[in-house]
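Next, two complexes with chain A in common: one pairs it with chain B, the other with chain C.
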Partner chain A sequence: MNELKVGVLSCSGEECLGGTISRLATRKVLEELKFVKTVTLCLPLYLAGGEEERNFAKVFPTISVDGCDKLCAKRSTEKYSGKISGSIDVSKIIGTENALNSRIIRNKDLKPEHYEMVDKVAGEIVKEISHLSPDSYSGKSFGGCGCGGE
Partner chain B sequence: MDNKVKVIPCSGIGKVYGLIARESALKTVIELCPEKSETVCLAYIVSGDEEVRKKMENSRCITVDGCPKMCASKNVAIAGGVVVEEFKVLDTVKAHKGKNFGMPTYLEADGEVVVDEISEKIARIINEIN
Partner chain C sequence: MIDNCAILPCNGLDKCAGAVSREVAVKLCENNANEIICPVFYRVAEAKYNKIVGEHPLIVIDGCQTRCASKLAAEKNLRVFKKITITEEAKNHNIVLSGGLTPGESDKVLVDLILKGLVNEPENSGLISDVQDISCNFDYNTFQNGKFIFRIPRGAQIYFNENDCWAYVIGNRARIGVTDFVQQNLSDILYFTPPEIGAEIDQFGEAGEIESSKSVFEIVSPVTGKVTAVNSMLEQKPELINENPYETGWVAEIELTDFENDKELLIGFDKYFELVKRKVEELNG
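Here is the complex of A and B:
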C-alpha cells in the first residue's frame, strides 16, 4: 500500500545563516515528524535532473523553506515544477539580521541559540504541514536522486 | 569588478556527501581564502534571476558536488559561469573507505578530515589562478 507523503524543500542557501537553518530544520522534520511521511529533493535538480524531479511539486503537496526573503526555493519550485502548497520564510521567524548573518554559516560554528532557531523553524514547518488537507497528501512514490532522499 | 573566484557547493540534503561539499566550500571562502573567493547561493543561481545571472556570467567558478548528478556544476554552467574545476566528493572519500563521515546534518571526525582535504585542494587552485 502506498503511504501518503508531503514534500518539504529547502533552499539550503550558502551565503547566510538562514540557509543553514532552513537545511537543518528541513532535515529535522524529515527525520522526526511522525504523523505524516515527508520527502525532499535537492532544489538544483530541477535543472540538473530530469522530468521526474521537475514533477516533484505536482506529485507531492510541497512546503518550501527559504532562508531569506528572496524565496528562491518557493519561486524556483513554482517556475520549474508546480504550485507550492505552503511556504516558510526563515527570516520572518528568526529575524532578518540573524538570517542574513554571513559570518556564522558552517555547522561547526553553530551555538545552542542557533539550534533553538532550527527547532523553532521546524515547528513552523510542521504547523504548515498540519494546515494541508489530508486529501492532498500524495500516495505516489518518488525515486529521489543520488543526494536528495526520502 | 568582482574578481573573486566563486566556490559553489551542491549542499545536497539527502546524504552526508552534500554536507561535506557544503562545508568544504564554506571553509574555503570563510577561512582559507576570504580575500580571493566567495560563494553564491546555489538556490539563487537556480532561480535564474537577472541579478544573479549577471553576477555569474563569465565568472570563474569552482564547484563541489556530493553525488554524480553534478547539480552545482551543471547549474553554474547554465547560469553562464565558467567552471574552472569541479570537485566530486565521492572521488575524495574513496581513499577513506569504511570510515564514518557522519550524517546529512553533522560531520564526524572522519568527515571533517575529508572537508579539510577538499578545501585545501580548492584553496591551492584559487591561489594558483588568483
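Here is the complex of A and C:
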C-alpha cells in the first residue's frame, strides 16, 4: 500500500507578516500532523524549475498556503502542476491588515497573538487536508517525491 | 563589514540548509541596513526589487548545491558580490547540520561563524576585487534606419546620458561606454584614448576619446567617480566598439562617489530609446 502523502507549498514571504505566518504554520503542520505524511515543497526551488517538486504536485494532492492575496504559491502551483487540491489565503484568516503588516516579519518580533494566528492557520491547513478524498492521498503513478522534505 | 547590501537567500522551506540560509539573511538585516530580497516574490514580480538589486551590492545565500538563489540571480543577470553556500560552509567549519527545519544548536553555531566571517570582511572589500569581471550580457531592443541597426540595452541597472554614453551600475561601481548611435555615426573606429586609471572624473567630464576617419568623439562620463579599470583591449582593437559597444567594447569602470545625484541627470532605457530614434531620424532627415 502506498504511503499517504500530501504536499504543502507555502509562501516564503519576506515582505509581510502573512508570509511569516504561512511559513510557521506550514512547519507546524509538517512537524505535528500524524494521520498523513505531509511534505513541504520548496517554493523557490519549485519556481526555479525543480522537476521533482513539480512532479510531486502533479501526482499527489497539494495545498498552497499564501501569505497575502498575491497568491504566489497558488498561482505557481496551478501554472506548473495543474489544479491544486486546496488553497489557503492567510490574509482571509488573520485579516488583510494583519497579513500585510510589514513591520512585524521576523520571528523575534512575534508576540503571543501572532503565534495564535499560526495555530489558527495551521488548523485551517489541517482542515483542508482532512477534506481531501482518501483516494487522493497516495500517488498513483509516482514512486517517491525525492524532494528532500522527508 | 556587510552593510547596505541586498541579500538574496534561497529561503528553502524543505531542508535544514534552506532554513539556515534564511537565518543568516535575517541576522544580516537585524543590525545593519541590509535588505532581504524574497526569492519567490522577486521571481513573480521583479519590479519591487529592481531598484534595490541595482543599487546595492548583492549577497547570494544558497542552502544547498541546487543553488536556487544563484540561479535566480543569473536569470535576472545580476552581478553577485558575495556568494555563500550553507552546506559548503558547514563542511568548511566541520559542522553537521541538525537536519531540522527549526535551526538547532549546531545550525546556530554555523550561523554565528558565517556572520563573524562576513563582519570581518574589510569594508567594501574584495567583494568586488575582480573589477574586470562585471559581466554585461544585456537584453536589447533594436530599431533599424536604412541599413543601420541600432541596439539599445535595457534593464534597471543601465542608465544613459544625452551624450550617448551608458553606465551599467552595480552597487558602488559602474561600467561605462558609448552607445550604438556613436559607433554607427563614427563608422570604423581607429583609435582609443583611455581615461587614466585613478583619475577622478565628474559627471559629464571626459572619460577618454575615440576617433574614426570621420571625427573624434569625447566620451562624456555619465557618472562621477574614480576610474578603477579601463578596457585595455580597445587600445589594440578599437574596432571592438563597432562590434559591440556595450559588451566587448566597454570603455572604463568607475567607483561611484555621487550616484544619487548623478541619477537625476541620467535617463533610463525607455527615454533613451525614444531619444536616439529621434536623433537618427533628424540626422537622416
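By definition in this document, the second predicted complex is superposed on the first by the 135 of 150 C-alpha atoms of A that agree within 3 Å, B and C clash if a C-alpha of one lies under 4 Å from a C-alpha of the other, contacts with A are read in each partner's own complex, and residues count from 1 in each chain.
Here, a residue touches a chain if its C-beta (ideal position, glycine included) is under 8 Å from a C-beta of that chain, and two chains touch if they have at least 3 such contacts.
Every value quoted in this text rests on a predicted model; they were computed, and no experiment measured them.
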item	value
Overlay on chain A: chain C relative to chain B, clash or fit	clash
First, second, both or neither for A:S87, with chain B first and chain C second	neither
Partner chain in contact with A:T38 - chain B first, chain C second, else both or neither	neither
Which superposed partner A:N98 touches (first chain B, second chain C, both, neither)	neither
Touched partner set for A:S64, first chain B, second chain C, both or neither	neither
Where chain A meets both chain C and chain B, residue numbers	10-15, 19, 23, 26-27, 40, 42-45, 47-48, 70, 72-73, 75-76, 106-108, 147-149
Residues of chain A that touch chain C when the two form their complex	10-15, 19, 23, 26-27, 30-31, 39-45, 47-48, 50, 70, 72-73, 75-76, 106-108, 147-149
Complex contact set, residues of chain A against chain B	10-16, 19, 23-24, 26-28, 40, 42-49, 66, 70, 72-73, 75-76, 79, 103, 105-108, 144-150
Contact set on chain B toward chain A in their complex	8-15, 17-19, 22-23, 25-27, 30, 39-49, 66-72, 74-75, 78, 104-107, 112
Residues on chain C engaged by chain A in the complex (per definition of touch)	10-15, 18, 26, 30, 36-41, 43-45, 66, 68-69, 71-72, 101-102
